[in-house]
Amino acid sequence: MLNWKKSLAVLAALLPGTVMAADFPNAPVTLVVPYPPGGNVDSAARIIAPGLEERLGQPIVVENRAGAGGMIAAEYVKNADADGYTLFMAANGPLLFAPMTMNRPDAYDWKTDFAPIGSVSITPMALTVRTDQEVSTLEELVEKSKSSRMLLASPGAGTTNHLAAEKMKAVVGADWRIVHYKGNAPSIASLIGGETAFSFDQMSVILPHIKDGAVVPLAVTSAERVAALPDVPTLRETGVVDFTAITFTGLLAPAGTPDDAIAKISEALNATLATDEVKKRFEDLGSIASPKSPAEFTDLLNEVDETWRPEVEAVNANR
Amino acid sequence: MNGFLAIGKRAELAFAAFLFALGAISAWNGWAYGIGQWNDIGPGAFPFGLGVVLMGLAALAAREAGASGSIERRLAPAMMLLPGIILWALLIEPVGLIGATLVLCLCYSLAEERLNLVQAALLALALSAMGYVVFILGFHLNINLLGDLL
Amino acid sequence: MSVLYDLAAGFQVALTWQALLICFGGVMLGTFVGVLPGIGALAAISLCLPLTYYMLPVHGLILLAGIFYGAQYGSSTSSILLNIPGTPAAAATCIDGHPMAKKGRAGQALFIVTLSSFFGGCVAIMILVAFAPPLARFALTFGAPEYFAVMLLGLVAASTASPGSPVKGLAMMVLGLIFGMVGTDVTSGAYRFTLGYVELTDGINLVAMAMGLFGIGEVLSNLAERETPAPPRKGFSLREMLPTREEARSSVMPAVRGSLLGSWIGALPGTGPSIAAFIAYATEKRISRTPERFGTGAVEGIAAPEAANNASVQAAFIPTLCIGIPGDAVMAFMLGAMIIHGIVPGPGLITEQPDMFWGLVASFWVGNVLLLLLTLPLIGMWVRILSIPRQVLYPLIIFLICVGVYSVNSNVFDIFVAVAFGLVGFAMSLFKYPVAPVLLGYILGPLVEENFRRTLFISDGDFSAFVSSPVSITCLVLSLVALVLPPLLMLRSRRLAAARG
């Protein structure tokens, strides 16, 4: 005997159009990552996946759709069904600035095409200088860089690291030569190896070298001090410049996703981020688990957007 | 379907001309990207230089054209297989693995006298089944059997 | 002696039955994805990452590392049998491996590459054990001028490494260099040759390009030919596949040189197994007394690149583990995996996590032995691929290429790129333009350009920066010699002939 009720339920589950928001979620949820496996954003998605799986009761699929500065993933999610099953694991560039830097300003606008769910992690940077430069404070660095030609390592044109350097360079009025590398690894290798003198780097990648004594941290770029480096002042505290520069990761759904689906994911996400295990994992990554409500996340996005849009526009080589 | 074409000097000259054109495009665009100066070489310097070199080499290669005599090749298979791959790419997301592979194999069978349409369809099913086991169950690749049809 | 003590402790970790089982699973899976054209180690590693959450960190790393070096063993199989590299790192092996298969010596070729890979792995592991920290520190002293000089040497040495017309080979290399410029310029952030496609801002996808040029191009040109004579079929017993004494002897020194080159290139951050394999191949052809045999099935031409690419993947762990700086995309992923497990690679790793470090290193050895034991008996099975009728084999290959290329970024655009390169590759084979130099130019070109420009940017336009270190001077002089010597020798022999005539 066929259980017709059950068969109908299965059929209903198979048809996306019939999925009732009240049942959300009753199918796997996909987190679309705009980078290849292995980086900060990908790791963040993989760290929260088990917790979300447990709380939403559905498998979480991490899908890497790398390319075009994150635009490919963003457009994929923008065009996906607004049912809460396809989410964008966003970060600064892919969400806010890629349409501008890729010369396709109408591709998407985060304010109208996406519905923020919550931030996942915040990664501060540290401004470090190689130990043999005999500089121990930001003021000394600025002094030294005014009297001699100093090289700053950047992991690529248009990265948050590069933008922070450009912004600071403009404020202090020094002639820093910014040398671009292809990613964090060669950029840090040049710093440690002696080709360049100082750089802004994500805490995750530079912390081992700070501990090793190869570089000296002068400041951190977050609003508050970082637990791993309690004695290092924030950029604002140094009084030299007045800005913060962080990279965030966060979840967004396509605009038009039902509110209760967003509320459910938000709840599961924030509960996941509050567990000690997840907090510890982000700490190991040099990041901070950062639970936020959709409204708070929107505020963060607005702040980052306003601070950095002019800088991104200024350094954009492809206008 | 079995038409063999003699491919000789003229075709090879055309390919050398194609390389020459690629070199010219590279040099032209390189100039536009900006050559820069010695202490800050622009993004166009290498494309410009390489484009010029490729133009020269293509011209030299053109002189070798036809050296190995004319060969006989049939181009029909190529012309059938490439659309098959393009169709596979266009169909994999909306229709899924089975449909896309079916079209691919049917296109291939048009180019291959040893494979009739029925055999091609069976082969497509076998490949899809293997693809399902290895790539979807095994590697969790982002591919569906039936795509967005479901 | 403390190294031996540490290593013994490492083997205690690597020889537990769980570790053995995990290592076995990793290398099996690696070999498998290596053999499949288009599917690389990265796909399998990202698949297995979630599994490692439930293991001890060291076991997780043993698994992921096993996939990585296992793939190097597998990738030469399809190079030799089908003239389609399983991963781009095995492209150099096609040049002489496939001609060997055509002569009916596929079994011997597979035998030699397996032993060479094993040998390369062992040499690199020994170097890793003995010199990892100092080598990592030395690699760090490599700045832009040194990178430029080394990469230029590789390019110059390889420029005439392909068989056939030197002009056509050079033209193809320059074409590859131009393809390498596509995408975002690292130094300025400007987009070049993107034709308005955002997909091209990251450059041409390496897998799509390699699978198009080699895979689709090969299938097309085979389909276009008249009936090709099938390679002679022989018995598939292990005995009949043993290389001759002559073959064995002439592959020893290439394997030694390939291993050393591969270990060194692998230890440099920013390089990878493909570069190591090409440079090793080019070196062999350069120093050979009979360079004309290359391209027709010379065993030196498969032993060296395979020893080099396997050595380089083992050596790639040196910068990753000792300074926390990954050499390529797969290593970056390994680094990410370690960090997720709460292990932060860096200068302190060996002292803080000795069990981890030495256990992993010992597992490399275990894994290489397992691979040897696993691969040799399978050679007979692989060779049977050649007897699959082409109406089944070609659709299978095209299907695997489609899935593999698509899976890299889940983007159909890459398949279109592969089709375009398939067409170009087909035309190239019609007119006898060699394929491998395109790939080589594509891989080395961006490094040469980037480091040339960076050197002058850092030195503020002062050219003496290029000759500021012994490494760069040596490499530049060697490049010059490699450029100038062959034409001079040719001139001399012509004059001698003229004098005699």
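A, B and C label the chains in the order they appear, each numbered from 1.
The rule is short, and it goes like this: contacts are C-beta pairs under 8 Å (C-beta built on N, C-alpha and C of every residue); 3 or more make two chains touch, one makes a residue touch a chain.
According to UniProt, the chain labels map to these proteins: A = Tripartite tricarboxylate transporter substrate binding protein; B = Tripartite tricarboxylate transporter TctB family protein; C = Tripartite tricarboxylate transporter permease.
Just so it is clear, the structure is predicted and the values come from calculations on it, not from any experiment.
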Note to self: From the centre of chain B, which other chain's Cα mean sits the farthest off?
What the structure shows: A
Note to self: If I average the Cα coordinates per chain and compare with the overall Cα mean, which chain comes out closest?
What the structure shows: C
Next item on the list: For chain B and chain C, let me know how many angstrom lie between their CA-based centres, rounded off.
Entry: 23
Check: What whole-Å value do you get for the distance between chain A and chain C if each is reduced to the mean of its CA atoms?
Finding: 33
Check: Can you give the whole-Å distance between the Cα centres of chain A and chain B?
Finding: 37
Check: Residues of chain A that touch two or more other chains: which are they?
Finding: 63, 317
Notebook entry, point to check: Where does chain C touch two or more other chains at once, residue-wise?
Noted result: 185, 187-188, 190, 410, 457, 460
Next item on the list: Check each residue of chain B and list the ones that touch at least two other chains.
Entry: 43, 140, 142
Check: Where on chain A does chain C make contact in their complex?
Finding: 36-39, 42-43, 46-47, 49-50, 63-69, 71-72, 102, 104, 149, 151, 156-158, 177, 179-183, 185-186, 188-190, 192-195, 204-205, 207-209, 211-212, 214, 280-281, 284-285, 315-318
Next item on the list: Show which residues of chain C lie in contact with chain B when the two form their complex.
Entry: 39, 43-44, 47, 165, 167-168, 170-171, 174-175, 177-178, 181, 185, 187-188, 190, 192-193, 216, 219-220, 223-226, 389-392, 394-396, 398-399, 402-403, 406-407, 410, 412, 415-416, 418-419, 422-423, 426-428, 430-433, 445, 449, 452-453, 456-457, 459-461, 463
Notebook entry, point to check: Which part of chain C faces chain A closely enough to touch in the complex?
Noted result: 42, 45-46, 49-50, 53, 140-144, 184-191, 198-199, 201-202, 269-270, 319, 323-327, 329, 332-337, 339-340, 342, 344-348, 409-411, 450, 454, 457-458, 460
Notebook entry, point to check: Which of the residues in chain B come into contact with chain C in the complex?
Noted result: 4, 7, 11-12, 15, 18-19, 22-23, 26, 29, 33-34, 37-47, 50-51, 53-54, 57-58, 60-61, 64-65, 68, 71-75, 77-78, 81-82, 84-86, 88-90, 92-93, 100-101, 104-105, 108, 111-112, 114-115, 119-120, 123-124, 127, 131, 135, 139-143
